[in-house]
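Down below are the structures I want you to see.
Shared chain: subunit A. Partners: subunit B in the first complex, subunit C in the second.
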Partner chain A sequence: MTYLGDVAALTRKDLRVELRARDTLPAMLLFVLSTLVVFHFALPGGTGDDAAYGLLWVAIVFTALLGLARAWVPEQEHGVLDGLVLAPCDRSAIWLGKTLATLAFLVAAQAVALPAFVLFFAPLDSTALAGVLLADIGICAVGSLMAAMAAAGRSRELLLPLLVLPLAIPLIVGGVGAAISPEGERYLLFLLLYDGVFAVLSWASFEYVVTE
Partner chain B sequence: MIRARGIEKRYGRRRVLDGVDLGVPAGGFALVTGPNGSGKTTLLRILVGLAAPTRGALLVDVDRARLGYLAHEPLVYRELTALENLDLFGRLYRVPERRERIGMLLERFGLWDARSDRVSLFSRGMAQRLALCRALLHDPDLLVLDEPYAALDEQGASLLDHELAALAGERTFVVSTHDPTRLDRLATGRLALR
Partner chain C sequence: MGLAIVLALIVAPEDADQGISQRIFYIHVPIALTAYFCFGLGAWKALLLLWRGDERYDLESYVAIHQGTIFGALTLITGSIWARASWDVWWTWSSNQLVLFLVLFLFYCAYFMLRFSLEDGPRRARSSAVYALFGVVLIPVSFLAIRLAEDFIHPTVFTREGPQMTGTMFVTFCVVWAAVTLLAYVLYRVELAGKRLDADLRELREALG
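After this line comes the complex of A and B, so read on.
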């Protein structure tokens, strides 16, 4: 219970910081909506739904990258990450708190973006929506770890996409597959497996990322 | 409580610390002095475990939960209030009766009236006072303080004098400072870095 209490306190803190600073969520919302609008006009008429689903995933991944790039900024200001690392709580709780907060921002952005996608492009069934949610979990789990690694480096804006995008490819394959394949459930299982494996790896390795 | 022998720290080819020895017994008060760039902050970061020495042997005989660290930066969230920051760290440090402890520290360091203000609105001196509250929050056994008088006005500095004098002898201290005369009477050991 103490561990979960720490995670809840850290997640609540991130949501509170965002509520006040409004640095991340408005940028994510604006980006994903403007991307969908651009795609709407860029996609030639008569293009099938499959291409639209692909474009949806481009928008999702880059929106997530935008959120992840901002994820550790509050900890970098005033050196707060050092304070958290020195606290006697399990250091993986810091990663889990950040992952849950980033996931909340991404889901909030998608709560606006997905209806817009349905309006502009194509319908989304329950399998496609489950694929989006599972992929969100994977992106945020791996992305929070990679963002912490990138934050320690000098050129984090460049480093973060280089670290996250290769790891996001299986999620894009799974997400698009869940939306367009008649066997979408198999892609959901694949996404579930990815989430499980990479969440455990990220959880276990976070300590080594934030300590020298 | 602290035994460091031959501590060396390199960043690439640049050597920041070269063969530093430091021994601080429980209840001791070690003063670390030296000009800018002499490696005071690096040494303190190594002592608290935020950096690893390149070479040398180090024993810090205290649990992470009993360690208080005041850094160059305040280590608090800019967008949270003083109260919210201390409540978060109090929870992470499992401080018993933390609301009472937080209230007492905020009163003692003259921040009670600003308790609901965001840190982003604080002056540098107020942020330093809050950082001191955070470092003392869990009543640590070992206090590692990096330039604790930085940015404090005379009132804040005498509050800190009073606090350090009250705790000296009961707690172990490693303090880096540009102005050793202020803490000379409390010091039981000195390390001058060059």
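After this line comes the complex of A and C, so read on.
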């Protein structure tokens, strides 16, 4: 099997597990929608659209964290990870498969959340949407590696947000900038740079995190 | 080595002719540079660990990052004092360096959380090493991000004339920098020796018990 074939098989496995168990995606959807409702009450009346865009990013990051916290749970519960590590494929394919699957969940959650945001709060233009997508890629790439690290720890649910949030700060800067700045392309470029750098780093270092 | 530090501390204020608040510059900036240096050293040792697989680098990387975090915390404290003295606020989001240090401080605190929650062994060593490498990549990326964020968070940028360093000021600055680096190095050696002793002792105890 080729590398891409391995990745596709692993992603398909994750998506199929989710389709059967329906653990993660409904939770993410419900979470992001309730967060938006909470924001309506948290924002005082007459606050500008900019504040709403900022809060949208809070919602996106925490929804992603929710999905990432569940990312390796099926593997952990059934001891699949040991099998995957032993499988005759490149280990970074495991990371890429997990990243793509998490990304699919996050994009699916946003496919509902973003229209709801437009309905409740403020319109989003194409630059803002591109910012969301690029930031999604970044947070899933970094997050799935961090989640694999945290999964080995004693308090993984507690550890993951601590590991990911400082790394996600540049993504939030890029995303909010793309949404509210008149020259949003600069922020998109920055997000692209972040995605490139951290995806390569995660791709190269995943092997060290999972092997015993 | 202690002498060098005392000397630097006495020499430094003499040259501060730009008001008393400027004096902290001699401490603050060298500490910040040393913290960067420690983080860099930690990441370098982490890279060596992943590359060569020698377990001794794990402890070296950990100790370097520990020192870096201590110096980072000192940077935040001295920076806050400086901000209070010259801008009359304890904290300002418009100082890029301070914000960057806050992000890094949070990041490296998470590093310790990660380390303490994993079980001792090669896997912990490698996970910590990977995280340390992420840290050193995060430094320039966050710096860029904070610069970019300034555009929409602070439409009016705090402009302040940087102090033009005269010859003697520059010398003082270099002396303090050397002293702080030396201090960091000594602390690094001491902590490393202590931690190694600890590990050896534990091994001996296990062998005997």
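Observations
Following the convention adopted for this analysis, the second predicted complex is superposed on the first by the 211 of 212 C-alpha atoms of A that agree within 3 Å, B and C clash if a C-alpha of one lies under 4 Å from a C-alpha of the other, contacts with A are read in each partner's own complex, and residues count from 1 in each chain.
Basically, a contact is a pair of C-beta atoms (placed from the backbone, for glycine too) under 8 Å apart; a residue touches a chain by one contact, two chains touch by 3 or more.
Treat the numbers as computed from the prediction; the structure is a model and nothing was measured.
By the touch criterion defined above, A:151 reaches neither subunit B nor subunit C. The wider contact with subunit A, measured as residues touched, comes from C rather than the other of subunit B and subunit C. In the superposed pair of complexes, A:137 makes contact with neither subunit B nor subunit C.
Judged by the touch definition given at the top, the superposed model places A:174 against subunit C, while subunit B stays out of reach. In the superposition on chain A, A:82 makes contact with subunit B only, not with subunit C.
Subunit A residues 211-212 lie at the interface with subunit B in one structure and with subunit C in the other.
On the side of subunit A, the complex with subunit B involves touching residues 2, 5-6, 9-10, 13, 16-17, 20-21, 74, 77-80, 82-89, 211-212. Note for the complex: subunit B touches subunit A at residues 48-52, 63-65, 67, 69, 71-80, 84, 88-89, 91-94, 118-119, 127, 134.
Those residues of subunit C lying in contact with subunit A across their complex are 50, 103-104, 106-107, 109-110, 113-114, 117-119, 122-123, 126-127, 129-131, 133-134, 137-138, 141-142, 144-146, 148-149, 151-152.
Put simply, subunit A touches subunit C in their complex at residues 142, 145, 149-150, 152-156, 159, 162-163, 165-167, 169-170, 173-174, 176-177, 180-181, 186-187, 190, 193-194, 197-198, 201, 205, 208-209, 211-212.
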